[in-house]
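Single-structure report; data block below.
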Amino acid sequence: MSLADLVFIGIAAVTILGALMAVSFKNVFYNALSLILCLFGVACLFIYLNSEFLAIMEVIIYIGAIAVAIIFAIMLSRPMARETEKLEAAKISRSFVIAAFLFAGLCLTLHRTVWHAASPEGDYSMRMIGKALLGWGILPFEAVSLVLLVAIIGALLLAAGKERSS
Amino acid sequence: MTAFLPETLLLTCGILFLCLALGRESASRAAWGLGLATAGSLLAACVWSLGAPPETLFFSTYRIDLFSQGFKTALAGALLVVVIFSREEASGTTGKRIEYFLFLITATLGMMMMTSAADLLTLYISLELSSYSLYLLASLKADRRGAEAGAKYLLFGAATSGLMLWGFSLLAGLSGTTSLALIAQQAPVLAAQPSFALAVVLVSFAFLFKLSGFPMHFWAPDVYECAPTPVTAFIATASKAAAVAILIRLFSWTGLTPALVWVVGILAFVSMTLGNCAALVQRDVKRLLAYSSIAQAGYLLVGLLAGSADGYASAFFYAIAYLLMNAAAFLVTMEVGRAARLDNPQVSHFDGLAERSPFLALILLLSLLSLAGIPPLAGFTGKWILFSAAMDKGHWFLVLWGVLNSVVSLFYYLTLVKHAYLEKPVDPSPIALPARLKLLGLLLFFALVGMGVFPDFLIRFTQQAAGGLR
Amino acid sequence: MSQSLESYLFLSAALFSIGVYGLLARRNLVAILISLELILNSASINFLAFNKFCLADKAVGQVFAVFVIALAAAEVCIGLSLILLLYRKRGSINVDEAGELKG
Amino acid sequence: MSGFPILTSILLCPVVGLGLILLTPRRQETLIKWISLVAAAATVALTGWLCFHFNAADPSFQWVENVEWVKAYGINYSNAVDGLNVTMLLLTAIVIFCGILVSWSVTYRVKDFFANMLFLVSGVFGVFMTTNLFFFFLFYEVAVIPMYLLIVIWGSTNKQYAAMKLTLYLLFGSALMFAGFLFMYSLPEARTFDLLAIKQNVHFTLQQQNVLFLGLFLGFGVLAACFPFHVWSPDGHVAAPTAASMLHAGVLMKLGGFGILRVGVYLLPDGARTWAPLIAGLALCNIVYGAMVATQQRDLKYIIGFSSVSHMGIVLLGIATLSPTGFNGAVFQMFSHGVMTALFFACVGFIYDGCHTRMLDELGGLSKQAPKISAFFIIAGLCGLGLPGMGSFVAELLVTIAAVSRYPVIGAVSVVALLVTAYYVLTAVQKAFYGPVNHHHHDFKDIGALQFIPRAILVGVLIYLGLFPQVFIGLISASTRALLGGG
Amino acid sequence: MDLALLWTIQAAPLLAFLVIQLLPGGLKKAAPLVAVGGALAAALSSLRLLWLHLDGGSLPAVFAVNWLDVADAPLWAHTQIPHYSLSVGFLVDPLNLLMITLVTVIALFVHVFSAYYMADDASRARYFGFLSFFAFSMTGLVLSSNLLQTFLFWELVGLTSYLLIGFWYEKKSAGDAARKAFVLNRLGDLGFYLGTILLFILFGSLDFVDLRADVLRQAFAPAVLTTLGLLVFTGVMGKSAQFPFHAWLPDAMEGPTPVSALIHSATMVAAGVFLLARGWGLFSASVTTLQVILVIGSLTAFVGASLATVQRDIKKIMAYSTVSQLGFMVMAMGAGAPVAGMFHLSTHACFKSLLFLTAGAFIHHFHTNDIWEIARGGGKKDKLAMAVLTLGLLSLCAVPPFSGFFSKDMILEALKEHSLFFYGVGLFVSFLTNYYSFRMLFVLLFSKEAAGRAAAKPHAPAAHGHDAHAHVAHGASDAAHAETGLLKFCRALPLVSLALLSLYVGALGTPLFHNALLHWLGGAEIESHLDLSIVAVTMTLFAAGVALAWFQFRDPEAAEKRLESSANPVKLLLDRKFFVDDAYVFLVKGVGLRLAALLNWIDKKAFNGILVDRTSYAILGLGKLGSKLQSGQLQDYLSLAMAVGVLILFFVINSGGVHLAVGG
């Protein structure tokens, strides 16, 4: 087992741990912080998958924007940060059973499947990504801008709401 | 490229609305006119594009064929209907008129792109475009209940899109490509893989969410109830049609293994039964219509699981019929609600509708009977060919169950009819119907009867469209 | 070989399941949103893993993942504003207190 | 026999009438009534003409009309008639004509009422003339919904419950038909909904026949009020307004018997053979059980309702014999029972309008006050109890002959109903019409000339049928023989 | 000529009926005239027909047309008959001619008498309409050429009987009696109907001319013949009031008395006996059938006669007497002597209608049916009535030379030849007949007239005053005074004519007239030879009967008191009419209606309750459940969706494996 493998295992462990903490801490603020940890792990995994670009994106957008926005929102509503929620045993066990079975089923399925095989070697460069975005990905690329636009306007509208209607 | 005209038009109008949104308050008065113009010209463009030869655009990620253009026409029609509904400000949209129309347009654009998407990525983005617009539309009425419904819709939808993404990734991993055409080529070989079935299930879950079929139907009653009525109508018509389109595409690409047929069959079974039974105990008409739409999703699935060209054609036909009859039903619901100064008319508000407005009562009668599948209306013919396709594949039990379900459904439809025709109204003042709605009602009337009695043209059209799917 | 496709997939499946667990178990809407992010991330991992092991064109998976991230951002944007709206209207962001619509 | 599309013209009469009524202003009530009457009279004239010019010796379908409708699904708008259809068309025309005359006194929502009546009857005409299963089903359901409205708006006595029950029950039956029709279509040799083409091209296996026939029989049996699916019918009869009851019991229920013959027996003779004993048993239940329960009723309309159940049993028994004689009897019974119950309801409706009650205990001495209406009722009652000289006697005779030859025990027991029927009919007559005048209805007036006409027509038909049955049998016997494949 | 006459006989009463129905309100008074006209036409035509065929040369003649094709293939697996059809038509043979003459002539007299009797009734147009319709049905029955046609008219006479019994329908008892009559007749007719149908299926023909004993015996096994014969005989039992179906006949006296005279004594009830003669081929084909017929006839004769001995109501006495005499006729048939039966039918028709009309005359006058009341009212002062009554009774008691003597003598003779036991029964019944006849006569004759009766009893007691209804407005004496000459004529003519007929019809069967009637009916070989031993016995019995009656009723008032106070099992048995009515009440109310109530309950609870209501509740419950599933909790929704998803996942994995295995 190479070092890379060991590190990989470590990263995977951190990711899983982050994820577990992100859902299990009762305080939502800790959840958000755990999420950041988890996302960091994911970004590292992306590097393992030869996608440096995506790793950077993950850090910039996910951690830099999304996670921060979440923390922002938590901070915006002061009580939220302090509040620890009471969890219902029934709900927890229900969810746990479903998630466990889901995991088992997914693993079983994934394990049994023969995947399309391709060489891991190839051009992972940003240039290729840029070409793809302006090539076969042009329509989604244009569309996603519309989506973001809609999201922003919508968010403004919802968040502002009161001011404009009155 | 001319075939891309409808989308171009929508995009242009969307930008126009965006500009308006930046403008002054007074601009919102022009919104309706502009919206109407948009929808009208869109419909014209779609009809015009029907004649376009089949082609693929944007490096084979976008597919123009009779099927997609047909559905786009239907979507444009739905948009037109909803815009006509939106002349008066729906409750909760005050001050958000421009955004309202903008979201309508982006949602329609997303749905149109869905019908044409030939690549997983395009499909994903267009789906999200329409979904996000719909989430926003549904929560426009930013009150307690509206926010709750919006949040439920969004979270449910986001979870669903997570599932879908998983499905997409599995498809990509199995086939080594994201092009749907290429996936379709490999589908017969891939069908033996358990992950493939899983992927199809996951993806169809996402589309079931749009179709509001079991088990992804839970958002529907709550959202239908709380969204502004025209928005509910839009969700119930356009979104549904788009879901049918994409389900047809999906099944025609991936094919249906026996196991999947079982799965879809069981989902259809539960959907029909649950929707119809739960509708029996509803008092809120919009909620009732939501459950009815869950049941209708079940019928549609019965046709879809036939997996034959006939099945797809009949699902197409039924989607159009469903669009029309739901539009008619919501037209009446909206007007009754308006007369009662309520956004959520209860069954009792329909009392004496036949005296207050015989025309509305007639439209209601026709739409509900059509929903129940009573001849000689569009819903009947649709159901006939839908179930006929399923029967061809030997799904006699589902067919029988479906028809029995429509008997059950007749109970609540007729209850509504009874309220309209029999009960004495609390407020006997006549309901004045604006001319545009009257005209729309008349059009829907003729469309429902026409599709029921002279369905040949449309059936041939849908069969031609379904024939060109692969 | 720990860095096999399967190990990525299992990891992603674990993330996915954890996300689902959080989605189903947490009461706090923000926590639910966080769980959703886990699910989306697991999908991203999938895409990139397949990108490496299954896809010939190495740009495809990456592009897909980029879009996933972009849309996740949009989703969080709308989601957070909705949550805040709900918080304003109800004074609570617990999901089980938003149960007025039922039946 | 191509040329003038007379069948479509018959169908168009009520449809055009309906259109005209919809265009007529709501206040022009008399005009609306006259439009419907003229439309109904036109159907009587046309069906009468049809009966006279029908070639009774030819067992094949005549006056074939065929227009391609939905090519992809083998749906043709095709009409054709044989003896069976012709007589049913005539029955429908007679009953609707009388029904509209009887409804002359309707004052509430006149326009809607007559529009519904004409709509309903269009459906019935359609069923009786079409040879395409799609249109068969279409017309069938077209006839159901107006019935719901008629009951729920103009009905009485627990009308909402009854109307809903009736509608759901009938549609439940039609659901089975629906599945059966689609199954036939789905067979590779078929790919069409055309009755004649299916008969010609498709060779059902015995198992298919057995399953399909059972399904279709249950479907049609519901409409024919076959035991134990009869429960909708008495309630429905009771709640419906007069003319609707007439049409309902007189014509709609006959759709069931007609369907069993036209679709079930015609297409699936072997299936019919398999299930015939079961049908005979159920029919016996209908006959005896219906009559027994009728003795316990206190409401005149309920009595008639259960008597209909009993009489429809005779139709079913005739069908179950699977012999031309039995079929003749069944069809004859459908016709005469149609006319008879129409007469019954025409009388009870009038009495109810005048006395505001139908309970036997609250009636009495009506013969004294209103001898004419009483006489009509008594005549209908006598027909019901199978008095010779009336249509029902001949029908029962034929059915009993066929039944005794095929199922001696069932045939013999079925005759018991004649006794029970006599008991309840005479009890009803005695309580409602004999005895001293009840104070509940001291100002009840006998029928006038206008209301006399429709009832007199019905009585005339009944007696004519009873005296000259061969005229009727001659019309149908070639066709009934052909049903089982005989020449 | 024959056909025209037949049509006249058949159609004249129908025409009268229709004309009466169509008479406008103002002309309703003419109804009696129309009806009498119709009856007269029929009577004259039938006499003319009889005259034409007296030599019997061209008989039997059949005029029939096809009525209904039934089948073109064998109905029964074992039969080879290729074509079944039913016909209608006239059959003319001596039996028919005798019967039709009898019917039309008596009908004519009754019509005339009715004109007197119903003169004051407001509904007499309806009455005469029904009466004419009865005449039509009865002539149809008599003239019909086959068994089914007979059944057809058989039912129609039943209907008119029903309508006329219930003529005064405001009275509950009248309605009840009418219904009872119809339903009991129906009960019998079920057998008739089934028998006819079975015969048709097996034999292929119902024409009387085809029903010959030798042919039938060749075609069928004895058991089949017995079954057929007994089935048809049930109809006879119903119509001719044979035990245990006789219960309706006494109740039928609720109808106007002329109706009783015509329908319930002379013609309709005799139709059963007529049918026995008509279908003699069928009945005589099986010895067992005849045996049963004989037993039933004897029972009936005994029951009728014994019950007649305790009645106070003059019409009831006569009704039971009719039952008894019908039993006699049926006995004759059972003993294999149809000619004797028919002979007795003819004579009985004359004297019994005479007796009923006399009773009617009394009732009309005294507004009571009770013989004691009539006697107190001065019944014996009505000389004409008393004279014809006595004459009729003597005829009934078979005293020579009255007509009853000859016919009854013939029956007794046949019985004696057949079996001594039944001969004994016949003699005993004769004795009873003598007893009750003279009981009535003595009561009427020896009672003392009560003073001021008319004033004291303006209305008859409810229990007896059946016919009083018509006269509510009038006092008795007023009515008497109001009788015009025409009405008196209408009263007297039938009485006298029938009396004469009662005297002489019997003679037609004696050597005096060369046994004309018997030859006519049965051929040349039948002779009536007075068996002096029988005459001696009957005369002894006559004397005994009269003596017993004299002994008991020479003082009617005392007898009345004595009867009221006495109590013994025999009296109880007779008072309760051998419990036959109770048995019927039990069967109908205790068994039939209870069963019906049970079925009704099942219909409500089981079919309506379970099939409809419970099902819909279940569906609604499912709906409530489904709506409860929609709990409002987002995570419940998601959990459910996910759980379903996981289930599907495992399903897909497993079936995918299966698929792989199969594919591999």
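We just call them A, B, C, D and E in the order they show up, numbering each chain from 1.
The rule we apply is simple: a residue touches a chain if its C-beta (ideal position, glycine included) is under 8 Å from a C-beta of that chain, and two chains touch if they have at least 3 such contacts.
Quick caveat, the model's predicted, so the values are computed rather than measured.
If you take subunit A and subunit E together, the chains in touch with both are B, C. The most centrally placed chain, judged by C-alpha centroids, is D. Between subunit B and subunit E the centroid-to-centroid distance comes to 76 Å (mean Cα coordinates, whole Å). Inter-chain centre distance (subunit C to subunit E, centres taken as mean C-alpha positions): 95 Å. Spacing of subunit A relative to subunit C, judged by their CA centroids, is 6 angstrom. For the pair subunit A and subunit D, the distance between C-alpha centroids works out to 69 Å.
Of all residues in subunit A, those that touch two or more other chains are 91, 94-95, 98, 102, 106, 109-110, 112, 115-116, 118, 137, 140, 144, 147, 150-151, 154, 158, 161. The set of subunit C residues that touch two or more partner chains comprises 5, 16, 19-20, 23-25, 33, 49-50, 53-56, 60-61, 63, 67, 71, 74-75, 78, 82-83, 85, 95, 98-103. Listed for subunit B are residues 121, 124-125, 128, 132, 135-136, 139, 142, 150-152, 155, 159, 173-174, 176, 193-194, 198, 221-222, 281-282, 408, 411, each touching two or more other chains. By the document's touch criterion, interfaces exist between A-B, A-C, A-E, B-C, B-D, B-E, C-E, D-E.
The part of subunit D that touches subunit E in the complex is made up of residues 165, 169, 228-232, 289, 292-293, 295-297, 323-325, 365, 367-368, 382, 385, 387-389, 393-394, 397-398, 400-402, 404-405, 412, 415-416, 418-420, 422-423, 426-427, 430, 433-436, 469-470, 473-474, 477, 481. Looking at the complex, you find that subunit E touches subunit D at residues 66-73, 75-76, 84, 148, 151-153, 155-156, 159, 162, 166, 169-172, 174-176, 178-179, 182-183, 186-187, 189-190, 193-194, 197-198, 200-201, 588, 592-593, 595-597, 599-600, 603, 607-608, 611-612. Every residue of subunit C that touches subunit A in the complex is listed here, in rising order: 1-3, 5-11, 13-28, 30-31, 33-35, 37-38, 41, 44-45, 48-63, 65-67, 69-78, 80-85, 87, 93-94. By the touch rule above, subunit E contacts subunit C in their complex via residues 627-628, 630-635, 638-639, 642. Subunit B contributes residues 120-121, 124-125, 128, 132, 135-136, 139, 142-145, 147-152, 154-155, 158-159, 161-162, 165-166, 168-170, 172-174, 176-178, 221-222, 225-226, 281-282, 287 to its touches with subunit C in the complex.
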